[in-house]
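Two complexes are shown next, each including subunit A; its partner changes from subunit B in the first to subunit C in the second.
Take a look at the complex of A and B:
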């Protein structure tokens, strides 16, 4: 079993009567390549490729090419399948071991895919779900590629299907070109614990797919949950993954029993680190009181058995020493800032689309300032494709004219990537 | 593993069943506690650190209150007060071959791990005073405060997270009819003896420094935010301490009191403190308790510590124990006209080396 460590960062001190407790938990698993945990019957990798009419031409050609190369790279001991998605999901290659023979047959199936028809993503997910359900436990990772928007009539069915898939498999989503809908793919990606990104140029698919596969193959823990115990009467205001990327898990929480809620974190590789931000509203105490406001742990699920692999406590101590209670802990401050950064970008871009230039300028300027202060260079760079920065330190910016659609979408998609707290 | 009480399946390393709250038997059971005073949860529903598994509040834990009684005339109390979650004061008192040792330290609450700081200072100083008696009281106190400083400065701390662990320090040695007091910071020593009652120490505080330099009047300085800021302490950021030292004559009966600001903030006039301490008929411990109770009744905003030594002057015939070699002067008068005479020299030097019980207890 990989070696997990959890650590909580917080300011335990609360002002008299205060009730909101914030804490950052970092969970790190170190790279000791041990026996794989939670993998009952290996790994399964599913490819869901859009073959609707809009894909025809260069995009389809590039996708087929990239997927063929991806299939060739699959390790021989994993299972894989291919769904061609249009108005219906078509299982063009059912789940089988990635032997040389099977790879050849899958590549023939991929080459045979023709681009025509609409986009009904729920049917693609349904096919994938059927395949993934054939395997007990293990790492189950899907890659969904689309270039367009889902059929409007499918909205409710898609929501339902995402719910059905939750907890069964994880799904990375890639939007090709600039005609797809960022919030739509974000919804699938967030709920199915996967990444979402833009592939602006078809010829970039190849490299991106390789990364996705490498990432999926590095997984060594199939399923783990962040488990949060809270006192009776406490309310979990939110539970967010804040690093490497912001993902609000609050709505994905599942009540295990009274006082105990599980938040899914999907699979883990043998060497990675993630940070979570908890906000808990507790019964307010008075000066001198001490409370265990939360017990946060990581629970690995292995063929139905749960193992607690790391645990940390979240405390609250009420004091009348304002110097103590008003201090905001460094990690909490940093990630509160990063969440603010992501939100400012989302809202700023939205205002910009609505034509509200003043608001867009103010919000994107604020984003530039936070990105600058927190050293989030990746986001700062994306912001510069949308605004001209006069002074990053004060957030003085001007909206750029003639912004490329793909730059705007890249910013919208990647705004949730955070910068880790700098070591002090 | 299965809970023996309700058969629920629990993760193997859990200490308590989350279904019924019973201990799972894989850790030492917690001491028996009464039901949670906040939510009525049974005693078993508390984790190993005493947090209630239901409402989360820490169980009515033992208050951080310590009493030390050496004998009827020598005792001390340290108490967390009413507003602080922990007691960051430390108290050490001891008697060694008739020599009374009193040490009181107040961890600086804005520094890291203030409780560890005061504890390290008090214990290091006590160890030093107990092992190195072949010297004058002043030298021994200087050695003790140096040990205390090392003890505090050696504590681990994080550079970026505020001041390193720091503490105030006041210690007294009583030998025969002579007391020597050394201090750094604003923990105080008082001599309570009727009309001779007086404060022995002068706080190392911004207020006193400013007034002494003539920059502000006492009244003006008192109103500053910084009035109570201390200008000397023991800590890694303070350098080797240069304590203030006074030696006083105890030829009158009286009470030597060492205390932290948790007490004197509510009553700093010596006469008032003597009145609050009351009579010694129930022993020094009762006097120390009265002082601590008083501060708690006034609000107990800070940790409170009082060390009380009831002094009965030693007559020439009685004087079989003690000892004091007070070396060359340097004694600092407390006021211009000290009510207590500050002795500069003792003449018992020649008898000092012949005391048979001298090495005992070292």
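Take a look at the complex of A and C:
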């Protein structure tokens, strides 16, 4: 199996009576891409494509075209299926091995998809769930493509269905055009541990799908959890993935046993690195006390068997030396800043939509400043599509007029992408 | 699976930090572990064996130390814990547990009284008055600073030390100085007096309600009513007895009825 390493960055020194411990854990995996975790199981790739009425025309053509190419690229040893989604999820091609024959049949099914009807995403997920449940273990990745908003009457059922799918498969979500709802897809993507992005122009689908597939095929560990042990009486304030993208995992935590909580991280490729931010509230100590505030590990799950592949310790040492206790560790500071950046963008865009220009200017200006200071050039560039920057260092900006909807949505969607902390 | 014991008395499945409370498990325990193999809870049948380890703190039982663990005061005979596990902290105990300012910060010595004030006159804040009854409910210790006990080499006592009352809630109550690093959290905490040993003495409340004092090998000794006591010997205490120790610490023993 691939080789995992975990490392914790924190300022373990706490002021007398302080109780909140912050730490960044970096988990890196490298080495030769090993066999897929899970006995007798491979990978399953599911395509969920919106075929509601709004997709008709150029979008439907582009989607069919891109999906056909995607199917052709599938490695022959994986299973795949296709769901056509409208007011009902229709399994147009059930899960089968990606042999040349099956690929041809799937492409015929894709060509036959017609755009009509509404958008009830819960039914699409339900079909996908049924297919993914046929396989034990392995890597299970879905790609959900939609161009519109989910039917309002489906809100509760969708929430329930997302819960049912959690832990069974992962789902990347792509919004085509600008009529879809960012928070809605973000919710699906976050809970099902997938990425969310905008495909503004139908002709961009092709390239994006290839990336998604390549990413999914690089996975060599089907399922892993971040496991956090905390002392009796301690409380986990939050657990967030902070790199490559911010994803709050706190609500996804599952209590394994007393003092031990698992946070799902989905599948891992043979070579990647992710950072996690933990905040733990412990009983306040007094000067001289030293305690373990957390034991964080990465646990790989293979056919129900758990293997701890990396572990790191989060400490708390109380001191009366203020020079030590007031220092904020570099990694913690950086990712706290990146979280602040994402939040400022969300709130700033919201204020802008409400017509509160002063607030929007202040928040987006703050975002520009943080992006500038932390070297998050990708986000800085997206911000410049929404504001004119007079001085990035002070965050002096002016709201732009006539911002393209797709630019605004791209910023909203990608605001959670973080810049990795610089090597010192 | 090996079981390690943390300074607060939990059984830990980890050897570095307690798997329950996260407290650091002392290096002492670890080196013990290496030479002795896994530390396990000594069986009751192993009493008196020279290789016996204290189930509370993991230290080897010293021959000739009587029924008590030299380090934490665990009673091998009765199984009563020494200063661990920590009792739930309640108000009077909390007052004691708070480290007093170290003597070093004292600027001027307090005005020396012409005559040593009779201990009875030392104002003692008492908890809420108990309903009058003759039944013995428990014991309290009033911690006072008596500058007249000072010997030549002693530092000046803290100028304004307010007497503190500690209720003896545990069966075995440690008198000593706190050392969070070593996991020492005495019930009767005399942090203001650095001539008190970290593990100085034990106040044991017995099943019949009687109270005894044992000096558990302190460096500077302990006196009861002005008379130095022998180490490692239980001395019965009565209401009104005075225990002096350290530079200038005077403990007033009070029976609560």
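By our rule, the second predicted complex is superposed on the first by the 419 of 424 C-alpha atoms of A that agree within 3 Å, B and C clash if a C-alpha of one lies under 4 Å from a C-alpha of the other, contacts with A are read in each partner's own complex, and residues count from 1 in each chain.
In this section, a residue touches a chain if its C-beta (ideal position, glycine included) is under 8 Å from a C-beta of that chain, and two chains touch if they have at least 3 such contacts.
Worth saying up front: this structure is predicted, and the values here are computed from it rather than measured.
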Clash or fit, subunit B versus subunit C on superposed subunit A: clash
Partner touching more residues of subunit A, whether subunit B or subunit C: B
Contacts of A:321 with subunit B and subunit C, given as first, second, both or neither: first
Which superposed partner A:231 touches (first subunit B, second subunit C, both, neither): both
Subunit B versus subunit C as contact partner of A:306, first or second or both or neither: first
Touched partner set for A:255, first subunit B, second subunit C, both or neither: neither
First, second, both or neither for A:136, with subunit B first and subunit C second: neither
Subunit B versus subunit C as contact partner of A:285, first or second or both or neither: both
Partner chain(s) touched by A:293 [first = subunit B, second = subunit C, both, neither]: both
Of the stretches 153-161, 297-305 or 315-323 belonging to subunit B, the one that collides with subunit C: 297-305
Intersection of the subunit A residues that touch subunit B with those that touch subunit C: 229-234, 259, 282, 285, 287-293, 316, 318
Of all residues in subunit C, those that touch subunit A in their complex: 14, 16-24, 99, 179-181
Complex contacts: residues of subunit A adjacent to subunit C: 229-234, 259, 282, 285-293, 295, 313, 316, 318
Residues on subunit B engaged by subunit A in the complex (per definition of touch): 11-14, 18-19, 39, 47, 49, 51-52, 54-58, 82-85, 109-110, 158-160, 301
Subunit B-facing residues of subunit A, complex: 229-234, 257, 259-260, 282-283, 285, 287-293, 299, 306-308, 316-321, 323, 424
